[in-house]
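Next come two complexes, and both contain chain A; in the first it sits with chain B, in the second with chain C.
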Partner chain A sequence: MTEPLVKPKRKDPLKRTRLPLSPQGARSRTALGLVAAAAEGRFALQVCDQCAKIVYPPRDACPACFAPAPPFRDVPPEGALLATTTIRTSTDTYYRERMPWRVGTIRLDCGPSIVAHIHGDVSDGDRVRMSLHLDRSGQAVAFALPLTETPAMADDPQLREMTCDPKFRRALVTDGRTAVGQAAAKALSDAGASIVFVGLADEWKPFPGDAALRAIPNVEIVPLDVTNSESVGDLAADIGGRVDIIVNTAEHVRPGGLMARRGLVVAREEMEIRYFGLMRLAQSFGPILRMRGADGVNSATAIVNFLFVHALANLPEFGAYSATEAACLSATHSLRSELRPGGVKCINIFHGPLETEWFQTVPPPKVAPSALGKAAVDALRRGLEDVFVGDIAQDIRARAAANPKALEREL
Partner chain B sequence: MASSSFSSADLLRFASAVASGDVRVIDLTQTLTPEFPVIVLPPEFGQAAPFRMEEISRYDERGPGWYWNNFTLSEHTGTHFDAPIHWITGRDLPEASVDTIAPRRFVAPACVIDVSKQCAEDPDFTLSVDHVLDWEARHGRIPAGAWVLLRTDWSKLPSRAYANMKDDGAHTPGPGAEVMKWLIEARDVHGFGTETIGTDHGQATHFNPPHPAHHYIHGAGKYGLQCLCNLDLLPPTGAVIISAPLKIKQGSGSPLRVLALVADGDRE
Partner chain C sequence: MSVRPRQNYNGVVAAAPVTIPYERYSIHAAHWWIGRALRALADLARLKPADIDGFSVSSFTVGPDTAIGLTQHFGLSPRFLDHVPLGGASGVVALRRAARAVQAGDADMIACVAADTNHVDSFRRTLSTFSRFAQDAVYPYGSGGPNASFALITRAYMDRFGATREDFGRICVAQRDNALAFPHALMKKPLTLAEYMDARAISDPIHLFDCVMPCAGAEAFLVCTEERARDLGLPFVRILSTIERHNAFMDDPIQFRGGWVVDLDAFYGHAGVKPDDVDLLQTYDDYPVISMMQIEDLGFCKKGEAASFVRAHDLTFRGDFPHNTSGGQLSVGQAGAAGGYLGLVEAMRQLCGEAGANQVRDAEIALVSGFGMINYDRGLASGAAIIARA
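And then the complex of A and B:
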C-alpha cells in the first residue's frame, strides 16, 4: 500500500534548493505520437491499418507487414505485470536522486509487451492498467497502475513525479472575481491544496460571490491585477517562492468580430487581460516556478490556462475575442518550452461557451464554471497538457483536426 | 500696448512671494497610480483605462544609463480636467476641447464650499442652492468667473469607501440639478471641482437632467475638475487655481497637475 503523503515541513533555510533535472527526453518524431496521447490522458499505440497489428515501441513501418507509418489509435490499456525490477543505482542524474525506482514488463491484452514505470501498489503477476504520462522532460512514458483505485494511490512517489497533484501544494488563482476563478479556488481547496492564494484586482469594486470565496478553506486573498505589471511583480516578490501552481482565471469575454466593433478599446482590454496578463505572470512567476521544479513534495509544478476553444478556429460572433485566445494559445506553447527545463507543465483547458453572463445569448450546451474548476484539478492530478471540456470544445477540436478549412467556413 | 495696471514688477513680486513662501503653492493633485479608482460604467459601455506604467529601461540592458517609462491612461483618469466637448451639451461650442481653450482660462480664483461634515454623515449628500446661499451669507457672493470647489474630504477615504459602489450604483456626494443650473446662470462660475471620481453625484444618473454637473457646466462652455485633494488646505475664498490640461488634439479632458496659490496674509 502506498504510504500517504504527509504535509511537508517548512524548508530548512540552511539547505540549498535543489535544481530541477530532467530524465532523458530524446524521442523520434514517430514516438511523439505517444506524447500526443499522453497530453490528453489517452492510451494510444500504433495500430497497423493493413494487418491490424498493435505496435510498440513506435516504429516507422509495421514490423509484421511492412506497411508504412502505422497510425496511433486508442487501445485497451489492460494487461498483466510479468516481472518487476527495483533499480537502486544509476548514472543518470535525474534518477539517481530518486532511487529506488521500480520498472517492469507488462504484457498488454491487446498484444505488445511494454517496459514501464511501476506503481508501488502492484507486484509481479498483478493485472494492471497502463497509462501514458508526461514525465519531467515533457515526453511520454508508460506507467503501470493498479487496475482499480487504491488508497493514497496518487501519493506514490514515482507517479507524483509524473503529475502535478495539488495535494499539499500552494496554488495561486489569479482572478477571484470571475465565476471560473471562484470554482477553481473551491476545487483546489477540495483537492487538498495547503494554500489557495486568490488574486483580486480593484478591491474597491464589489462582486458577487465575495463572501463565499473568502469562506473557502485555505483561501488567502491577495492583491493582483494581471493588467498591471507592478502588481504582478509585487505579488511575485511577496509569494513567488510559495506558489507551486498558477491557475490563470483572468477573463474578458466580449462579443463582436473585427468590423462589428468601433475602435480598439475593447480589443486592447482583451489583450491586456488575457495575452499580456499571461505574459506578465510568465515573466514574474515563471522563472521562480522553473527554478523550484524539484523543490520537494511541494515543488513548483504547473501553470493552468483556460482557453476559449475558438483559439483553434475563429468564431466570428466572438471574432476579436477568439483572436486574443489564439494569441494566448500560441503564447502557452512558448511558455511550455520555457518551463520544460524545470519540469513545470503548462496545462491548457479548452472550453466552449460558459454558463456566464457574457455568453447569455449563446444557446446550450454551455460549460458550468464548476466543471472548469474540476477539469483543472483533474488535469493537475493526471499531469495532462491539453484538456477539452464539454461537447463544444471536443467537437471543435475534432473538426479542427479533421478539416480546418471546412471548420473555418462552417463557423 | 494698452495700458495695464499690472506691471512686470508686480509679476516679479508675485514670483518672489512664491519663492519666499508668502504665497503658498498647494498641490490639489492625486498621485497617478495603477490602483486609483477610475469611473466605472455599466460593462456594455466603453470604459476609461486606468493608469498603467511599463518600464522602458532602468539603468539596465534595455538602456544602461537611463530610467524611463511608457504609461497609458484615459483622458479621465486620476485628477483630471473636463473640457466642454466631453459632454453632448457642449459638443458644438467653440474652444471646447483641451487644445483650443484659451490658456488664460487655466488660471482662475476659487470659492471652496465645505460640506465635509454633512458628507461624513451622509454619503448621498446633495448640494442645493440653499447650501450655497448659506455659504454666501458667510463668505460673500460667488464672483463671476470663479471655480466652485466642493470640499467633501472624500479624497481622504480608502478606495472602497471612496468609490462606494453598491448594487444600486455609487453613493458619493455631489451637486443636485437645480444648484448646477443656478451656479451657471445666476453666478456665471468658471467651473465646478470635486474630490469625488466625477463632478456629478454618485446617483446622478437618476437626476433630472441626468448628470446635471456635466450637463450644465459643459453646455455653458465651462470646465470640470475632479479627483482633487487637499481642498481642506484652501481658504473659502481667495485661492487662485492653476489647472492647465495637456494639449491633446480634440481632447475631451486630461489628467493634469492642479495647483492652488494661497496668500498667507489672508489666513492670519
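And then the complex of A and C:
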C-alpha cells in the first residue's frame, strides 16, 4: 500500500534547489492525439472507423484494414497487468534522479497491449484501470491504476509526478473578494494545502464573506492588487518562493458589446484585471514557479485560470468581456509553453455564466462559485489541463468544435 | 504459406569471416569501422575496391549516411547495394539476400559488413530515437531502454514457464567461459553462477550479467561463388537453408516466441538436416531469455522447456551442446548491428576450422539465429541460417 505523504519540513535555505528536468517529450504528430484526451482526463485510443480495431501505439493507418488515420475515441480503460519491472538504471537525466521506477505491460480488455507507468498499489496479474496523464514534459502517458480507490492512492510518488495535488502544497488565491476566490480558498484548504495565501487589495474595505474567508483553516491574507505591477512584484518578492500553486480568481465581468459602451474605460478595466493581471502574475511569479518545478514534495506545480467559455466563441451580450477572455485564453497557451520546462502546468477551467451579481440578468443554467472551486482542486489532483464546468461550458465547447461558424451566428 | 519449392544455394558460399576487435568506446565514426572491415576483407581476398561489385551494410550509427553514401565514401561502384537495418537479424538477412544476388548473377563479389561505433553518450541518443513507437510509447516510461523492455518479456516468460534466474545464469556463465578463450572478447573476467546471482539488479528480473555491453566494432564476410572462393584461396562455408520472418504472432499480448516457429519445417526440410544434426548453435543473445526462446523455437526442445534443456547440457565450446562459442554478445560485447553478425561470423570461423582456442571439434553443421529490433514491446525481426563445412 502507498505510504501516505509526510508533510515536508521547512526547506533548508542553504540547500541548492534541484532544477527541474523533463522526461522525453518528443512525440510523433499522430501520438499527440493522446494529449487531447489526457488534458481532459479521458482515456482514448485510436479506434478504426472502418473495422473498429482498437490501435496502440498510435499509427497512421489501421493495422487490420489499412484505413487511414484512425480517430481517437474514448475506450474502456480496464485491463490485466501482465508483467512489471522495476527500472533501477536509466540513461535519462529526469528518470535517473527518480529511480527506481515501475513500468509494466497491460493487456487491455479492448485489445491492445500497452506499456505504462504502474501505480505502487498494483502488482503482476492484477486487474487495473488505465488513465492518460500529462507528464512533466506536458505529453500524454498511460498510467495503470488500481481498479478501486486505495488509501493514500494519490500519494504514490510516480502518480504525484503526473498530478498537481494541493496536499502539502502552498497555494495563492489572487483575489479573495470574489465568490470564486472564496470558494477556491475553501476547496484548497479542504484538499490539504498547507497554506492558502489569499490576496486582497485594500484589505480595509469590507466585502461579503470576509469573516468566513478568514475562518478557513490555513488561510493567510496577503496584500495583492493584480492591476498594480508593484503590488504583484512585492508579493512575489515576499512569498514567491513559497507559492506552489496560483489560482487566479481576479475577475471583472461587465455586460456589453463594442458599440454599447462609451469610451474605453470599462474595457481597459477588464484588460487590466484579467489580461494584464495574468501577465503581471506570470512575470513576477512565473519564473520562480518554473525554477521550483522539482523542489521536492511541495514543488511548484500549476497556475489555474478561470476562463469565461465565450473566450472560444464571442457572446455579444458580453462582447467586450468575451474578447478579454479570448486574449486571456491565448495568453495561457503562451504561459503553458513557457512553464513547461519547469514541469509546471497551466490549467484552464472554462465556465459559463455564474451565480454571481454580474450575471444577474442571464437565465439558468448557471454555475455556482463553489463548483468552480471544486473543479480547480479536481483538476489539480488529476493533473488536467482543460476543464469545462457546467452545461453551458460543455455545450459551447462541443458546438465550437463541431461548427464554429454556426455557433457564431447562434450566439 | 507458400507451397512453391525454394531453390537451394548450390554454388554460392560465404567466405572470409572477419572480426575487427571491439572497443568499449571509440573516438572514431562508424565509417572508420566499416572501412577497417572492408580493408580486412580486401587483404584476405586480395581485392581492390573495383573488385567488389556488391555491398551490404548494417549500422545504427552511420547516419546521416545510408548505403548509397558509403559507396562514394569507400570508392565502391557496386551493382548490388543493400542496407539491412534489422539489428540482430542483420547477419542472416544480409547473407540470404547476397546469396540470391550472386546466384542470380546480379553480383559476383558482395562484401557484407556490420559495424557501429560507440561514443560516450551515443547509446542514450540511439535509445531515445530508436523507433517511432519507442519514442511515442516506450522511452517516456522510465527510459530504461531495452533492459526494461526485455525485463517485462523475461518476467512474463519466467511466470509462464517456470524458468529461474539460475537457468538464465547457466547461459551467461557458459558464454563467459567461452569468451575466456576468445581473443577479441571484452569480458575477460571469469564469471561464476554465484557472481551472476549476486549481481546488482538493473530492471528486475534483469540483473547486470543479463545485459550486453554496448561497444564499437565490426564484423564482415564475403558472398561469392564457390569457384571464386577457391580461386582466391578463401576459407568458406556452404549455405544449406535460411529463413526470415518479421512481426510474427502480433496478437500475443506479450512476446514468448518468435517468427522462427512459423517457418521451421521448411527451414530444416530445405537444409535436409534435423536439429540433432546441428553441431553448434549461435543464438542472438541480447538477453538470455531470447536465447532460450530460440533454443525452443528452433526445435532443440519443446516450447517452455529451454530451462530444463540448459540444465541438462554443457553449453561451452567443449560441451555436448556448443552454444555462442565465442562468448556471444553477453561476453564479447554488443557492437550495435555487428551484434547481428557476431554469431554468423563465429560460426563461419568454426566451420572453417579457424576458431583457434575455441574450436568445436568436428564441427560440420552450424545453425545461426538472428533476432532484432524491439520497435515497441517485442523483437520484430527473426531469421536463421544453417551453414555447413565446405
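The rule is simple: the second predicted complex is superposed on the first by the 411 of 411 C-alpha atoms of A that agree within 3 Å, B and C clash if a C-alpha of one lies under 4 Å from a C-alpha of the other, contacts with A are read in each partner's own complex, and residues count from 1 in each chain.
FYI, contacts are C-beta pairs under 8 Å (C-beta built on N, C-alpha and C of every residue); 3 or more make two chains touch, one makes a residue touch a chain.
Every value quoted in this text rests on a predicted model; they were computed, and no experiment measured them.
Asker: Evaluate whether chain B and chain C can sit on chain A together after superposition, giving fit or clash.
Answerer: Fit - chain B and chain C, as placed by superposing on chain A, sit side by side.
Asker: Once chain A of both complexes is superposed, is A:A26 in touch with chain B (first), chain C (second), both, or neither?
Answerer: second
Asker: According to the stated criteria, A:E230 is in contact with first (chain B), second (chain C), both, or neither; which is it?
Answerer: Once the two structures are laid over each other on A, A:E230 reaches chain B alone.
Asker: First (chain B), second (chain C), both or neither: which does A:E203 touch?
Answerer: In the superposition, A:E203 contacts chain B only.
Asker: May I ask you to decide whether A:M259 touches chain B, chain C, both, or neither, giving the answer as first, second, both or neither?
Answerer: Neither partner.
Asker: Looking at A:V103 after the superposition, I want to know if it touches chain B, chain C, both of them or none. Which is it: first, second, both, neither?
Answerer: second
Asker: Give one of first, second, both or neither to describe whether A:Y95 is in contact with chain B, with chain C, with both, or with none.
Answerer: After superposition on chain A, A:Y95 lies in contact with chain C alone.
Asker: In the superposed arrangement, does A:A211 touch chain B (first), chain C (second), both or neither?
Answerer: After superposing on A, A:A211 lies clear of both chain B and chain C.
Asker: Have a look and say if chain B or chain C is in touch with more residues of chain A.
Answerer: C
Asker: In the superposition described above, what is the shortest C-alpha distance between chain B and chain C in Å? Please give a whole number.
Answerer: When the complexes share the chain A frame, the smallest chain B-chain C C-alpha distance is 39 Å.
Asker: For a test of understanding, state which residues of chain A touch chain B in their complex under the given definition.
Answerer: Counting only chain A, the residues touching chain B are 202-206, 225, 227-231, 263, 265-266, 268-269, 272.
Asker: Once bound in the complex, which stretches of chain B touch chain A?
Answerer: 34-35, 37, 40, 46-47, 49-50, 52-55, 158-160, 162-163, 165-167
Asker: Where on chain A does chain C make contact in their complex?
Answerer: 23-28, 31, 56-58, 63, 82-92, 94-95, 101-105, 107, 113-117, 124, 135, 137, 139, 141
Asker: Quick check on the complex: what are the chain C residues that touch chain A?
Answerer: Within the complex, chain C touches chain A at residues 123-124, 127-129, 132-133, 135-145, 147-149, 151-153, 155-156, 159, 200-206, 250, 253-254, 376-377.
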